[in-house]
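Here's a structure for you.
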Amino acid sequence: MTIRVSIAGATGYSGSELAAILARHPSAEVVGAFSGGSSAGAPFASLHPSLRGVPGPVVAPFSIDAILATKPDVVFLATPNELSAEAVPALLAGGTTVIDLSGSFRLRDASLYPVKYGFEHPAPALLGEAVYGLTEWCNGSLAGAKLVANPGCYPTSILLATRPLRPLLAEGTTIVCDAKSGVSGAGKRAEAEYSFTELAGNFKAYGVGTHRHEPEIAAWLEHGEPNVIFVPHLLPVPRGILSTIYLNFEEETTAEDVAWLFASAYADAPFVHVHPAGRLPSLKDVVGTPRCEIGFTLLAGGRSAVVVSVIDNLLKGAASQAVQNFNRAFGLGETEGLA
Amino acid sequence: MTIRVSIAGATGYSGSELAAILARHPSAEVVGAFSGGSSAGAPFASLHPSLRGVPGPVVAPFSIDAILATKPDVVFLATPNELSAEAVPALLAGGTTVIDLSGSFRLRDASLYPVKYGFEHPAPALLGEAVYGLTEWCNGSLAGAKLVANPGCYPTSILLATRPLRPLLAEGTTIVCDAKSGVSGAGKRAEAEYSFTELAGNFKAYGVGTHRHEPEIAAWLEHGEPNVIFVPHLLPVPRGILSTIYLNFEEETTAEDVAWLFASAYADAPFVHVHPAGRLPSLKDVVGTPRCEIGFTLLAGGRSAVVVSVIDNLLKGAASQAVQNFNRAFGLGETEGLA
Amino acid sequence: MTIRVSIAGATGYSGSELAAILARHPSAEVVGAFSGGSSAGAPFASLHPSLRGVPGPVVAPFSIDAILATKPDVVFLATPNELSAEAVPALLAGGTTVIDLSGSFRLRDASLYPVKYGFEHPAPALLGEAVYGLTEWCNGSLAGAKLVANPGCYPTSILLATRPLRPLLAEGTTIVCDAKSGVSGAGKRAEAEYSFTELAGNFKAYGVGTHRHEPEIAAWLEHGEPNVIFVPHLLPVPRGILSTIYLNFEEETTAEDVAWLFASAYADAPFVHVHPAGRLPSLKDVVGTPRCEIGFTLLAGGRSAVVVSVIDNLLKGAASQAVQNFNRAFGLGETEGLA
Amino acid sequence: MTIRVSIAGATGYSGSELAAILARHPSAEVVGAFSGGSSAGAPFASLHPSLRGVPGPVVAPFSIDAILATKPDVVFLATPNELSAEAVPALLAGGTTVIDLSGSFRLRDASLYPVKYGFEHPAPALLGEAVYGLTEWCNGSLAGAKLVANPGCYPTSILLATRPLRPLLAEGTTIVCDAKSGVSGAGKRAEAEYSFTELAGNFKAYGVGTHRHEPEIAAWLEHGEPNVIFVPHLLPVPRGILSTIYLNFEEETTAEDVAWLFASAYADAPFVHVHPAGRLPSLKDVVGTPRCEIGFTLLAGGRSAVVVSVIDNLLKGAASQAVQNFNRAFGLGETEGLA
């Protein structure tokens, strides 16, 4: 079976990783690559260093009609939020499956969009239909899904590390999520603020209390009314997210309890690896891979723990998770094209 | 007045910053520079790029007798912990003032040394006599001090940001300190683990629940029996510490309340700068300077806040704070040699 | 004596280094700071981390009238090339001395400006009057100079390393200059190409055979019709230039010959340091300092040599050399404000 | 056909890349992994982030007997030079093919070993038998080869860029090779000199006129008695080599001439890509890939050119070229396991 795939936003960082993965996916054929910028006309092989000599469609200017003209079975949208929100209804109407890497269909509550994303959502009715594609927690919902909202990079790293431990959490507890991301998480930016000279040797927090990923984390933790404090930081590295998460437990807990919950959650997950207690992963363990790695340390008394989670923001935090979701939606093996 | 100064451990990162500052200090004359390593014989000017052409003593092999032979009024010890612990009593007996940049006299409780530093403290009686040199909180205790324990780099960044807000803290609260340090904080290390190839593009947490700075922070917060969770991380930058601190308040608090407490604490502090609410400093604001900069954001409801503190770990976290303490101990202006 | 100083382009990288130096210069008073961008209104202290708490003029929008209204004795122009070219005649007419850090008055040959700088030179008559401010080679020409063309960063590093050895050069020889610069050399750039994500871990050559510094090097080598091949590269560091220069000698030469020529040239130069044969300087020896450091290795046979030269591109390659020139032009000590 | 493969030095940087490639090679089975250090006992999957979950042999202590006991068809030696020199005769006597990534069999002239490598060569008779594995220039010599000397990283980048242009070179010309390598080229180093703190933001030349790769380049250029000047530099990046090569031509030459020679040399080379005239590759084009990319610019007059060549020092400069050679030696497709 060959599935016809089009990629919109193919010249961005996530889009080019999608191109690199899908060009070698045994069940996919990349039939279209689209970009809104001045990159139209670029050869497919220019999208990623690994594509030198690999055939594929020339990058074309983004338009719904042009995308549908490639007769795609599935469209990956690695486009800006508002553009995705506008495009999804039209693409669905055109009969294609959509896997959206933007934030446009991640929140169920349409009223959050003006506040967090700066626009009124144009298709609020679809918010309830989108499958939130945190792959390892989707169970059967991805099979045959027509619209997948691929999770944010920070929420992916934090939810994978936190959801298994919900049975332990103290009532009404605050969950502190101190997260650090490489600069590619901000996308391709033509701003002095993101220049090498400004960021090399630098480090800073940003978006405290206002980042749009905070409500996404709170909503998809699916655990009462959690009090999530989320502080992202900008790391002077190109790729990777490390989240340090501070959890308080209702009762005294052992490392075995924690390990057992993680093992139950991820025994069959090919792309989540949980380390033994006390062994914490570093960014380099996962950069360039489709994995999430998790480690934890129980603090004295067993009433709290520090959990560390690492992913490559462009892979498990974007492109490779989108391909996991694609595989599941089309009934393929979860690791196809990713191993 | 010219004060005779000797520096032990002059070839380490903190020691070489001390040499750079003290060589230009208007009231100091560097009469000795000592090193335990193979650096003996190195010219003084080789200690730091800013010293090219600046006269000063050749680096000599470390020994108590050699140091005392320079007839120092004060000795700065930028030496390993155990070496400092052994040297201090002999130097004090020799009649010199000692400013110790190691951890050997920072803790009052001698029983912590075997656990946290790996040695039985050789001079426990002196622990109570050492002035803990967090300059801005020393009031009059530095004047004429004979032994100053210069604070650790992490504790400096965290205590300066937290102590002013103690009146607000919730009863029995947990203080989460998520700290990130540049690699020079580990000292000059001949280990593959600290090599450029291993650390460039990497990031990791370490020492969770076991770092020796955790009891130092808890002790010198001087606020009941605080529950401090301290997680240090290794940033891929040469210099600088950024600490993100999560505080819970007993009552609803306003930004004005917080700003007022900071202003009260640091109105006359030349090297602490507190930003207006919502403006958080970044590493680059302080690297290469003797300052601590602090920012904060109140979270919704006013019952918690995120405080961010940045310092240069080798300056305010080591050498420049040591010179502040030297200035105060000898009755000089606090900014002398540092402005 | 206090000299009234205005800085135009104060928010750029070179301009902010100028502000940092001149604010502490014992004979200067910064009376104006100007910027063409959206930075107008920024407080003086925001220009550089070392200026926190230092008084100075608020940044004002750039205009000739506004600059002259500050009644400056000297104006430092750290402005774009074409802007400098337009401003200089008006400023000179206003009676002030001008030290121009742009390329607008570095070339004597006006016909090169359309080709290399993209504009017709508006004041070709002044090209012959400007003093090319490679300080160590200016002899008396800087005293009382009204217009100083501060050299380019690459030419500074290459000319200082090459001019002393002209007596040795083979007739009609080609001089290969393989130069590598930190990213700040490109100025504050709001372009994706200069973003951290693109440049971290990357390295490349650029401008081969077309860079505007090539004719500047060739002209100011002042040695026949030299065949200079200049290939600049972009280093993934914020600051610093290292130039590797390959020279062929007319006759067999010894290390002593080379050392003697360097010593003759720079015996009294406070900011040029030449290492003994075989000891090559690295970028870190000079970053943050106003020095040029030079090293060399004679190759087998003594008919060729490799010379390595390092500077901080923003200091000796721009701001500190401008202040050296200022000091000389106003009869101050050459190291004033720089030591 | 499954070929039994053992890897010695599997925990070094080149060795771990070999493990990552060979573990997924369709015609290879990794039957042994050996290391001289304290890494014995490490699980195979710990050798490289991409190997998580991949089965393979536990790392065993290096010994000839232990290697031969794995009954290998081929042994890859990613071991120190002197160790390789000692091991090769014994392994060949044991009947296995050897692909040696060290420098021990790269030079034909045994008298160079004491000078350049610091040891008397123990098996000079084998120097003439080893195939110098610059794959694209080996023609038939690799088929069935029993001993392959895998080229050095610098020579690979320089020879691939220079050999095709030999017909153009001026008689008796000097070839300047200004090369820049990422830090992993130095291997896993437990030395303060290679620490992150020392190298971040730094850049330097080293080994001018003395580097052991200089005679390797000169010998394998196979073009008269070339006068090669080779100056390596240490780039603050983990991986990648960029060489800037300055060539003088006997006659006036056009870009078409140069392009034609490159095309003739590499028309069928899957891992060498030559850019059109004037388009120079950067490090990022090749890091993480098995390719060499080459660009060139003709200088005015057509009598000289600048050629830029980039490789990943651990792949085309070591591991992937070794696998190319393995593929050729065993009659497999050249791209097998590498595409």
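Should a chain be cited, it is by its letter among A, B, C and D, assigned in written order, with residues numbered from 1 in that chain.
Going forward, a residue touches a chain if its C-beta (ideal position, glycine included) is under 8 Å from a C-beta of that chain, and two chains touch if they have at least 3 such contacts.
What you see is a predicted model; the values in this text were computed from it and never measured.
Looking across B-D, A-D or A-C, the interface that copies B-C in more than half of its residue contact pairs is found at A-D. Among the other chains, C has the CA centre that is most remote from the centre of chain A.
With centres set at the average Cα position, the gap from chain A to chain C is 46 Å. Spacing of chain C relative to chain D, judged by their CA centroids, is 40 angstrom. Note: centroid distance chain A to chain D, computed from Cα atoms, is 37 Å.
Touching of two or more other chains is recorded for residues 198, 200-201, 236-238, 284, 287 of chain C. By the touch criterion given at the top, residues 49-50, 52-53, 200-201, 270, 273, 284-289, 291 of chain C touch chain B in their complex.
Those residues of chain D that touch chain B in the shared complex are 13, 182-184, 186, 188-192, 194-201, 236-238. The touching residues of chain A, counted against chain B in their complex, run 174, 176, 178, 180, 198, 201-206, 208-209, 229, 231, 233, 235-240, 242, 244, 246, 248, 280-284, 287, 297, 299-300, 304, 306, 308.
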